[in-house]
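Input: structures, listed below.
Shared between the two complexes below is chain A, which pairs with chain B and chain C, respectively.
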Partner chain A sequence: MESILFYILAVIILTAALFTVTTVKIYRAVLYLLIALLGIAGLYFLMDYDFMGAVQLSVYAGGVMVLFVYAVMLTEKVGEPVRKIALFRRIIAAVTVLLLMGLALYAIWNFDFPTASNNKPTTINRVGEVLLSTGDGGFILPFEVISVLLLSVMVGAIVIAKSKKSKIENHD
Partner chain B sequence: MILSNANIFSQWLESTSGLGYVLVLILIAALYLGFFAVAGLMLVLMERRVAGFFQLRLGPNRVGPWGLFQTIADALKLVSKEIFIPKQADKFLYKAGYYIVIIAALIGIGVIPFSRQIQGFDINVGIFFITAVSSVGVLGILFGAWGSRNKYSLIGAMRSGLQMVSYELSAGFAVVTVVLMAGSLKMTEIVEAQQSTWFLFKGHLPAIIAFMIFIIAGTAESNRVPFDLVEGESELGAGFHTEYSGMGFAYFFLAEFINMFIIAALTSTLFLGGWLAPFGITDGLPAQWFWGMFWFFLKTGVIIFLLMWFRWTFPRLRIDQLLTLEWKYLLPVGLVNTVVMALFVWKDWLIDLGKIFGS
Partner chain C sequence: MIEGISIQLILTFTTLLFFIGLYGFLTRTNLIGMLISLELMLNSEAVNFVAFNQYLYPGKLQGSIFSLFIIALAAAETALALAIILQVFKMTGSTDVKEVKDLKY
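So, the complex of A and B:
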């Protein structure tokens, strides 16, 4: 059962990823990328790593993709097919990609993947304990640093929104 | 775990294997799909009746007893309508639009516990999962609007994206205040933690503020009045679904109502004790799954009525007022409220009715 689901998801992810880079309509590329990201979230859920799957959904599929949608609208001639790239550049790109792919494949084939000894699902409670643990393998420092960063970003956004007058408002 | 075994669906799944397992999965999915359609149609009918109530008229009352079949007739009309797609439209994106919206709404329903025994899947990160899925739904609106190549659609969808991304933060903070009290993200555990006192009363002041923030943010996230700039018909035609006809339009319409149902169901689960009876008055009776559903749908119905009341009471906000409300008021209040709630939970200043009445 699991392996069938895995292969279905793998086919979806790979096809969507392929279409993302080959389509000439940039907006469709965004949709294909969304499908690929959703497939990856599906893989996390298949592995019983629910928290990671939900994070994938909310951060990548929900947050980053909305940003992409807005960013793509700012590009030049967004509704028209992407213009053809010169042959020379294409060759350079192909060589680089092949080299990278070779490197990745080499690493994957030569790595001896150990079978995980515990197959218990990772619960959110466990994630929380590890994030806040100060002992070995604890993530308290990076967690706190990121928390402070994000909190200051949010407070900064509120402060900017609350600032008295912006130039646009002065205009009228 | 005892709770997950009480779930009827997982009992079904455990009793089968192989092909039967797949068949049961399909059956459960079909059940949810049926619920999706029926609940959507009933909500549309309820909306029209409530609108009639607030405007001192009757509303639809001719088709079937008390007008019950009115929306079914409407749905049949929509099915029989011609579906036309604009010539310039990007058909793939145009169609992907409503599928994404509908799938996101359907997955959201799956996690909501209708009663102790009836829940699609009780995922470990429950409430976080629902917020994550609902944030994907907005992409359907954006893609559909872009695909239909209409400036009004696009403006509506841009507003929708802006609104969803902003108000998600406030809704998230309101959820976090509840999670602080429950100590779990799992839907069933959140409900079970309210056994003695519902969270709305247990957390008194910060919980009531969180409740209000969640209702406001939820109304905004389901694109309802007073936050329906997305389809403000006086400015944008029909907003993001201007170019959709027949069932294409109906899908968006259904998904919107189901999203409202999800918001109401989440409110009743997070703040009003979900399937739990008030003071446990039906606890000893047989057919607990029925009573759980009864209380759940009663509470959800009250919240839905409240949301519809908003719709026929408040005038529509302007886009800058909408953003001002979120970024200048709701978000700072929500942020401080979360800290206050953390303090209350830490110092144990919560109200436990079970201790007061000694039951």
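So, the complex of A and C:
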């Protein structure tokens, strides 16, 4: 049952991802990306990691998506196709990507993974304990560093996106 | 851990997703389109980390925590990149990579 769900999700995600990179209208690419992100959240739930699925839904499908939608609406003419590169170059890109993909798949299928047999779901309790633990294997320092990083990114994004004086006034 | 699905299958799926994203990154000429492809690649990485954690070391949480950090970093990167793209649009009137030859002048 779970394997069938995995196959369905994989097909949905890969199809949406393909449409994301090939559609000529950028707004549609954003919406296809939303479908792919929702599918990946489903994959996290399937892998017994509920917290990550919830984070994926709220941060990606919620926050990042809103950012993308606003950025597209502020900069693009919605509904008009964007410029595409020449067919020859697209073929070169596709061949390169396929070669690299073959290499990666060859490596994956020829490596003997020491798979563990016991099945343990990752609960929110454990995640919280490890994230705030100061002992061995605790993640308190990266946790604090990333909170400082998020603060600086917030300030930086506001400073960069803040509207400056127009070019004409600057030249006076 | 998903019943009846080996780790190789999950890694195959994430590899396909990653290289679809790479193809988009190589062929898009729009800054926002490139950023969208980057998001696909980052997502496949996060799924990889969770899969390794759940299949190889189910008792530990290193991979799971790492994927959380990936999501936080990806959100930060998206916010900054979109702010820069908005500023580029104000200067050049377009978000095509052809217009972005120089950063300030």
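Note that the second predicted complex is superposed on the first by the 136 of 172 C-alpha atoms of A that agree within 3 Å, B and C clash if a C-alpha of one lies under 4 Å from a C-alpha of the other, contacts with A are read in each partner's own complex, and residues count from 1 in each chain.
Rule of thumb we're sticking to: a contact is a pair of C-beta atoms (placed from the backbone, for glycine too) under 8 Å apart; a residue touches a chain by one contact, two chains touch by 3 or more.
Treat the numbers as computed from the prediction; the structure is a model and nothing was measured.
Legend: residue contacts after superposition of the two complexes on their common chain; A:Val148 is shown touching neither chain B nor chain C.
When both complexes are overlaid on chain A, the residue A:Ile140 reaches neither chain B nor chain C. Of the two partner chains placed by the overlay, chain B and chain C both lie in contact with A:Gly63.
When the two complexes are overlaid on their common chain A, residue A:Ala157 makes contact with chain B and with chain C alike. Look at A:Ile91: by the touch rule set out above, it reaches neither chain B nor chain C. Shared-chain residue A:Trp109: touches chain C; no touch with chain B.
In the overlay built on the shared chain, the residue A:Leu100 is in contact with chain C alone; chain B does not reach it.
More residues of chain A lie in contact with C than with the other chain of the pair chain B and chain C. When the two complexes are overlaid on their common chain A, residue A:Leu18 makes contact with chain C while staying clear of chain B. In the superposition on chain A, the residues of chain A touched by chain B in one structure and by chain C in the other are 1, 30, 55, 63, 154, 157-158, 161.
Chain A makes touch with chain C in their complex at residues 1-3, 6, 10, 13-14, 17-18, 20-22, 26, 29-30, 33, 36-37, 40, 43-44, 46-49, 52, 55-56, 59-60, 63-64, 67-68, 71-72, 74-76, 82-85, 89-90, 93-94, 96-98, 100-101, 104-105, 108-109, 113-116, 118-120, 122, 126-127, 130-131, 137, 139, 142, 146, 149-150, 153-154, 156-158, 160-161, 163, 167.
Those residues of chain B that touch chain A in the shared complex are 21, 90, 92-93, 96, 123-125, 128-129, 131-133, 135-136, 138-139, 142-143, 146-147, 149, 158, 161, 164-165, 169, 184-185, 323-324, 327-328, 331-332, 335. Those residues of chain C that touch chain A in the complex are listed here as 1-13, 15-24, 26-30, 32-33, 35-37, 39-40, 43, 46-47, 50-51, 53-62, 64-65, 67-69, 71-76, 78-80, 82-87, 89-91, 95-96, 98. Listed in rising order, the residues of chain A touching chain B in the complex are 1, 25, 27-28, 30-31, 34, 38, 50-51, 53-55, 57-58, 61-63, 65-66, 69-70, 79, 121, 123-125, 154-155, 157-158, 161-162.
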